[in-house]
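Chain lettering (A, B, C and D) follows the sequence in which the chains are written, and residue indices restart at 1 in each chain.
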């Protein structure tokens, strides 16, 4: 099972802040997970089109080719704007 | 009349913090006043020997060749060490 | 070293008292960020700060630890507020204590520059023209990157 | 803009409240200098700060005014204590309020760097080895001079 989190405008666009998802077969890295989620259609397309979307795996910044494994916490969010 | 002020180790060495002095004849700038005061002998020699001695005229930093006129407030002191 | 995320306001004087009493400390530099009433020509009525609980704390602790490796500092503190804030409200405080002022200034500026690009916080502004998520600034990215050359 | 010389201690939180409520302010940077318990390998028991009443205030006001010409700042505050101080006591506070943090950091560091070389204060330390007037530091001179190239 993956725990997936969405923040800021992405959370608003998707209408949800988190979900639990059994690791889809064939999804081994961040890029593949993004495509898998975007294929849900509708607002999920944001996962491919959002500018500069960032991803963290287990609360560490990740890249498109970072590996995803069962049990991971994966978060998608826009560039940060705190401070 | 000049008002002359001494600060920090200079004040301690001279045993006084200020004095009023009629403008000595022939004293037209800072260098001449230093020599005039140092000529008093004893601890006054500090005015010539003290390393990096600074001078202010009417509370503005001055140089050796800055002009001194009757009525001025002249201060001698070591490099500053506040903050 | 301490990192806190909270909804409540803070009193900088009281927070700096945490450093007080360590006779090695010769310099404290503190930065406070506040909500301005305008941004990109829009009038700000209110702001909401969102964060990523867990990761935000880790990211801030990593930044502070990095500052401690780069400069000789004695203590550091980061407080970041979340939730609803209004113009003139405090958003964030960064404070660094060191023996000498150069390290305290550099480490303080490093921490806030890095926080702006690496700590997962997001600002949503309510302006007179409606609500909008604040976009990341190119200048913040540049401010953060210049430390790579230091 | 305000400049104060006083024997009494100060509360930085309260002093910064002076800036509070101006909705243009997005950043406040504060520096506090404190008495350390050692200097050049000697143990400091006590310190006495002397100043040149009149000229010191003028010099500080000139430095703050120069900072206001070089950077876009909204307000600034300098408080310097005189008289007898002990380790861990606060000596000086410099605080700058600005729209953006870059100007606040730069102006704050500029003011304290300039204060260290241009404001007539002198420190006399009482150490376990006796009393001595603190000598001006070459590093302070360099810190002050680097602003000439900015």
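Keep this in mind: contacts are C-beta pairs under 8 Å (C-beta built on N, C-alpha and C of every residue); 3 or more make two chains touch, one makes a residue touch a chain.
Quantities reported herein were computed from a predicted structural model and do not represent experimental measurements.
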Labels of chains that are neighbours to chain A and to chain C: none
Interchain centroid distance [CA atoms averaged], chain B/chain C, Å: 49
Chain B and chain D: spacing of chain centres that average the CA atoms, whole Å: 26
Mean-CA-position distance for chain B and chain A (Å): 73
Junction residues of chain D, two or more chains touched: 33, 112
Residue numbers of chain A (touch at least two other chains): none
Listing of all chain pairs that touch each other, if any do: A-C, B-D, C-D
Sites on chain C touched by chain D in the complex: 11-14, 16, 20-38, 87-88, 99, 101-102, 104-105, 108-109, 112, 143
Interfacial residue positions of chain C with respect to chain A in the complex: 33, 49-52, 54-55, 58, 80, 91-92, 112, 115-124, 133-137, 140
Residue numbers on chain B that touch chain D, as the complex places them: 5, 7-9, 11-12, 52, 56, 59-61, 75, 77-83
